[in-house]
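In structure tokens below, several structures.
Look at the two complexes coming up: subunit A is in both, with subunit B in one and subunit C in the other.
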Partner chain A sequence: MKKKVGIYICQCGPNIADNVDIDKIIESVSAFNDADDLEIVAKPYGLLCSGEGKDYLKQEIEENGLTHLVIGACSPRDHNNTFIGVCKETSLNPYLYKLINIREHCAWIIHDKDKATEKAIQYIRGGLRRVLYQSELFENKLDTNPDVLVIGGGIAGIEAALSLADADRQVFLIEKTDRLGGKAATFKTVLPKQQDAVEAIQLKIQTVQDHPHIQVMLNTRLDRIIGFLGNFEAEVRSIDDAEKMTELKIGAMVVASGFSLYDASTHPDFIFSGDDEVYTALQIEQMIAEKNQVTTRSGKAPKSVAMIHCVGREEVGYCSQICCNAMIKLAARFKTQSPDTTVKVFFRDLCLPHQDDQAFYNEIKAQGVEFVRVNRIATEGSQIKFTTMDENEGSELFDMVVLAPAMIPADGTPDLATKLGISLHETGFFQEAHQAINPVATATDGIFIVGTAHGPRGIQATLLQAQAAASKIRVQLIPGEQIVPEVRVSETLEAFCMGCKTCLEVCHYGAIVFDEDKGISVVKEAVCRGCGNCVGSCPSGAIQLKHFTNPQLYQEMIEAVQ
Partner chain B sequence: MSTDSKSGGRIPIENGIEQTLRKVLKESLKSDLIDALLLPVKVPSGDSYAWILMQDPALVEEEASPMAAVMPVQGAKALKSLTRKGNGSLRVAAMMRPCEVRGTIELSKLNQINLDNVTLISYDCPGALPLSDMSDAPQDTEEAFMGLLSERNFESTAVKPVCQFCTEFSMGAADVHIGMADPDTSQLLLISGSEKGTAFLSATGLKVDEEPSAWEKQTDSIQKKRIQQMDKAFQTIQPMVEGFDNLADTFSNCIGCHNCQSACPICYCRQCYSDSKESSLESAYYLDKAEKRGGISLPHDRLMFHVGRLSHMSLSCVSCGQCTDACPVSIPVAKVFSYVAAQTQQAFEYKAGKTAGEAIPLKEYKEDELKKIHEMTKSAESQESPHE
Partner chain C sequence: MDKPNQNEFKPKIVGFLCNWCTYAAADLAGSSKMEIDSALTVIRVMCSSRVDPNLILTIYFNGADGILIAGCHPGDCHYGKGNYFTRRRYAQMKQVFETLNLDPGRLQLSWISAAEGNRYAEVVNAFTEKITALGPNPINQSSLF
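Right, the complex of A and B next:
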């Protein structure tokens, strides 16, 4: 059959037209006209992504009866989907179209117009060759399940569960301990402004427990997960009774597994035992929550308190963001309990990010809390030895020592990451899809990370994340609506597969399974994200990625690098 | 798998090393631990060896050449052909050179060999002689090799070029290892490398209670010399490899027979991409290229074949030298591959086939490995003069 390829070059206003000779491109690619096999329709246009531009393209495709389409314009990141959308409204299969980037790759970066034009011509010729090797692909629609599994019953998980359940999504909330609320439920007051939070948090817990759309499963952990956005199957297991396994069908997951504290007793500079008057800030919080006062082990109110910041910060390699404020909050608390208490804060750097923090810090200083900036500090029981920034050495005995250890990933985080197939940041917390642009999503569609599972942060930021993840899920999974899985996915060529299983190891999405009978790898198309890792790892060429097959890439490349 | 504290036992050498070893193997086959042996046997014409799966103890005593002078088919390939589809309940002991054991370990990681019920036996290898020596002068070659063994000569320049600088000539992941480097030439030292190995040695009636420290000292000293040899060899190989023009020169007389790939134990693909129809293009492409360059050689992409193979298998290359033995036009393929493999394996802190537990780099991602490779590339670039 004779092929008829439309090649349309977008001027992109002056962006492309000013620095690339579009007429020359048209002339060059028109030379490929071959009366027998190939007809080229090559034309320039002002702005193809505009409403008029899209209508023009539709008209051109239909009127010329194009069998293939090449567009020379901007980055596929900008408008690939725009033009795929245009094709979908015509008789042309969108996978018989190719967008060539002559703006970022040519017009914008090469100052010499002749050279930019030459490169653009090579690229467009590459696109022309490639598109002739492309194949039609057809999209399928899949039903989705809008229910959600929330992992972790702390304040992050609670907020996510409520935000989803209030929008009529069924939520399964699993928590490994025997109660909801996590660490935040032990706080008497919360930052930044010392509001009493006990009631507010208890109310949230009660709402979760009573909510008709939330099923709370305490003493429960995640065992196994398979599937993809809209269609996950999770197995959760009772921690007390290993026989008790529940299978859940869900469409998305929120990971809110929280944090642990750096173990200060492993630090060589902090020598203390359980009998010493040395506490973590979290232990003081719990003490306040339980009996509304802070006392030493002998039951007396401390007359002098040392507060030591940044315990383990050097070791973990990051600032935990909230400890400075949490410690200042506790310093204030000691002063409220007894204004005569000597409170000394030993810090190296202060992190006061919130707009109310500075005023609070000033207020505490005015109340007589002493801030000592130290270069080095060590404890032996409640005896403190320190060196100030100007190298003066000091040694003092206190009634009580409060440490602010760094926040570290919760126990079991690596195991959970493996089960979920999501990555960890080098600090050991869960890794987001994009730190700045996509902060609550992960590389796996349908799995979100919120709260301190994602890294150190306060309650306010945690709740914002939980609400953000819930909104994302509500938008992505609408009850009754279907989703269109990616069609540019991998497939195995049975005859070539040697069954070495390398592809299974490099697939981050669990999209490849091994057929033991045939001894070959098989791609689960609905799970595959089309990243191409398996293709790159397969020595036999037994896996190919649809729309990015070797011949397609090769044909484009040999033309582009001529 | 090798363990840190090794133990071994000895038997007196009677009627030569080969005959002594045949007896040990025969005993193992008579025990109820081993069903069959996989070992080299001289072919009827006497100028080569073939891998034979043997079940008859009498035949072992008469025919086996457990330490063969040359390596016609890499042992890993023989074992692959036996166990590619699983190994069922067949209990096999395979007698191999250390590089064959390494090839075996690599293939087992790639799911091409099943090591269930397989006992691997290796020995301190003085190096294999070139395959062509054996076909030219079978008897001389065999005598020469037996001479190397009985004299404990690990510095011969008669062995294959890559064998001369092989640093992994001794015990690796084998279950049983024969300490041919041991100073005591009157006895054969057999060392256990695993529980399987200890069971094997006990089945042959050997008492395994000796710490082979003299042997360890000897192999260490040989290895030091081999490392020096390797450094020296790499200095001469480097200019053959680095830079496109040098590499093209090295492979300029390649006839495209792909024997190197067929002989390679690691190349396990059913069909090589370079032989597939996807690798050839329309004639117009070649014409166009010929016009631009003034001429191109055909079949095209002969160098690409080698570069492709390097990129596919150098992380698993065990430097056995089979590729050079197989090359009809005497290209030093093994030297090139061995040199490149040393660099790529170093980049991932990996030694192909050394231990069974270590995942092949392609299957395992470590975040810092990219940084390291980037640094290596940068330092290589700064040493090299820029080329097109």
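Right, the complex of A and C next:
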């Protein structure tokens, strides 16, 4: 069949027109007309992305019966989707169109007009060659499930569940213990400003339990998941009764598995046993929650308390951000319980990131809490040995020692990561899609991480993340709306694949699976993001990335070296 | 094939730019109207990891005087870890070039973020200068081809 290619060169007002000779481009590419199998329609236009421009293109495509379309205009980062949209409203398959960027790559950077024109002609010729090698691709619409599975019933999971359920999403909330609330449910007061949080947190827990759109499953863990954004299937199992398995169909997941604490007893400088008066800050929080006072194991109020910050910080290799404040909060608590308690805080660095923290710290100091900056510190039971920053050594015995161990990933995190097919950061917490610009998503579409599962942080930051993930899900999965997975994805060519599985290793998204029967790799199209990494990795050239195939790129490249 | 005159040698360079960082840097260089040598032809790929060794050898043997691969800084790849694979494949390609007695200096890998329009212009201009000094790809002069 004779091919009829439309080539439209945009003037972009003066942006392109002033710096390249558009008539010359038209003249040059028109020379490709070949009576037998190629007809070229080449025309200039003012502003192709304008409403009139788009209508003009549609009309041109239909009236000329174009089989392919090349547009010489701006960066595809600006208007590729605009023109794909135009094609979709015509009979031309949008993947038989190619946008060539003669603005950023010619008009604006080559300051000699003749040279810029020459380069633009070369680019357009490359585009013409390429487009003839492109293939039609068909978008596939998939039904989606807007329901969500939340893993972990701490404050992070609770907030995510509520934000989704209030928007009428059905939420399944699985929690591995027998109660909701996580660590925060045990806090009598919370920072900043020591607000009383018990009621607010209890209210949230109650709301979750009573919510018509939330199904809470306690003592439950995730067994396995399969699928992709909009269409996941999860199997969850009762921890008490291994026979009890439930299959859930959901469209997205929120991982809110929280944190654990570094085990201080494994640290060579902290020697203590369960009988010693040595506690973690979390144990003190729990004690306050249970009996509203802090006592030693013999039931007496401590007269002297040592508080040791940053236990295990060097070992884990990061600051846990919240512990300094949490410790200051407890120091204040000791003073309220009995103002004449001696409270000494041993720290090396203080992290007071919140705007109210400094004032609170000053207030506590004024109440007589002593802050001692130490270079080294060790304990043997409640006997403390330390070296101050100016190398003075000290040794003191206290009635009670409170440690602030570093926050570390929750138990079972690596196992959960494997089941979900998502990565862990080098600290062992879950890894986000992009630290700076996509912090609650993961590399897998449809799986989000919130709260301390993602790294140490306080309740406020945890809630913000939970709300962010919930709104992302609400935008990505709209009930009744279908999603269109990327079509520019990879495919393996059965005849060439030798089954080496290299591609399985390199794919960041787990989009390639191995077909044991055939002994070849197969790309799961709905999961593939189209990066092309697997193509570069395959030793036998058995993978092709649609719309970026080697023959297509070759056509583009070859024009560059003519 | 005509032997290009060394004096007016104008190199032909192919640059593979990843869509998310370096292609965006090129857009920024463009909208800042920076002057960039016309020797480079940009090929847009979604990730630098798409550039497979096949493409590099193919374009080299077709006469490219220089080949630039540019993507996001390590750790910033839009697809997680793609550019780490690019880096490895690039190191391998350098070795392949040496083994085939080709000049590995005709191959360059650069990390250029979306914000580094300036650096994009600098890298392209410097690479063009370097390739101009190296002279034409010997393939273009060889009677074998």
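The rule we apply is simple: the second predicted complex is superposed on the first by the 419 of 562 C-alpha atoms of A that agree within 3 Å, B and C clash if a C-alpha of one lies under 4 Å from a C-alpha of the other, contacts with A are read in each partner's own complex, and residues count from 1 in each chain.
Here, a residue touches a chain if its C-beta (ideal position, glycine included) is under 8 Å from a C-beta of that chain, and two chains touch if they have at least 3 such contacts.
Values in this document were obtained by computation on a predicted structure and should not be read as measured data.
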In the overlaid three-chain picture, which partner chain does A:S537 touch, first (subunit B) or second (subunit C), both, or neither? both
Quick one: classify A:I558 as touching subunit B (first), subunit C (second), both or neither. both
If you count the residues of subunit A that each partner touches, which comes out higher, subunit B or subunit C? C
Using the touch definition from the top, say if A:A156 reaches subunit B (first), subunit C (second), both or neither. neither
Give one of first, second, both or neither to describe whether A:E426 is in contact with subunit B, with subunit C, with both, or with none. first
Touching A:G519 in the superposition: subunit B (first), subunit C (second), both, neither? first
Check whether A:C500 is in contact with subunit B, with subunit C, with both or with neither, and answer first, second, both or neither. first
With the two structures laid over each other on chain A, which partner does A:M307 touch: subunit B (first), subunit C (second), both, or neither? neither
A:I40 contacts which: subunit B (first), subunit C (second), both, neither? neither
If you stack the two complexes on chain A, which partner ends up touching A:N550: first (subunit B), second (subunit C), both, or neither? both
Doubly contacted residues of subunit A, that is, touched by subunit B and again by subunit C: 506, 537, 541, 550, 554, 558
Touching residues on subunit A, where the partner in the complex is subunit C: 75-78, 101, 103-106, 108-111, 115-116, 118-119, 122-123, 126, 423, 433-434, 443, 488, 506, 508-509, 529-533, 535-538, 541, 545, 548, 550, 553-554, 556-561
In their shared complex, subunit A is touched by residues of subunit C numbered 12-14, 19, 23-24, 26-27, 29-31, 33-36, 38, 41-47, 49-55, 58-59, 62-64, 76, 78-82, 85-86, 89, 121
In the complex of these two chains, what residues of subunit B are touching subunit A? 85, 110-112, 268-271, 273, 276, 278, 281, 285, 288, 292, 312-313, 359-360, 362-365, 367
Of all residues in subunit A, those that touch subunit B in their complex: 426, 495-496, 498-502, 505-506, 519, 537, 539-541, 550-551, 554, 558, 562
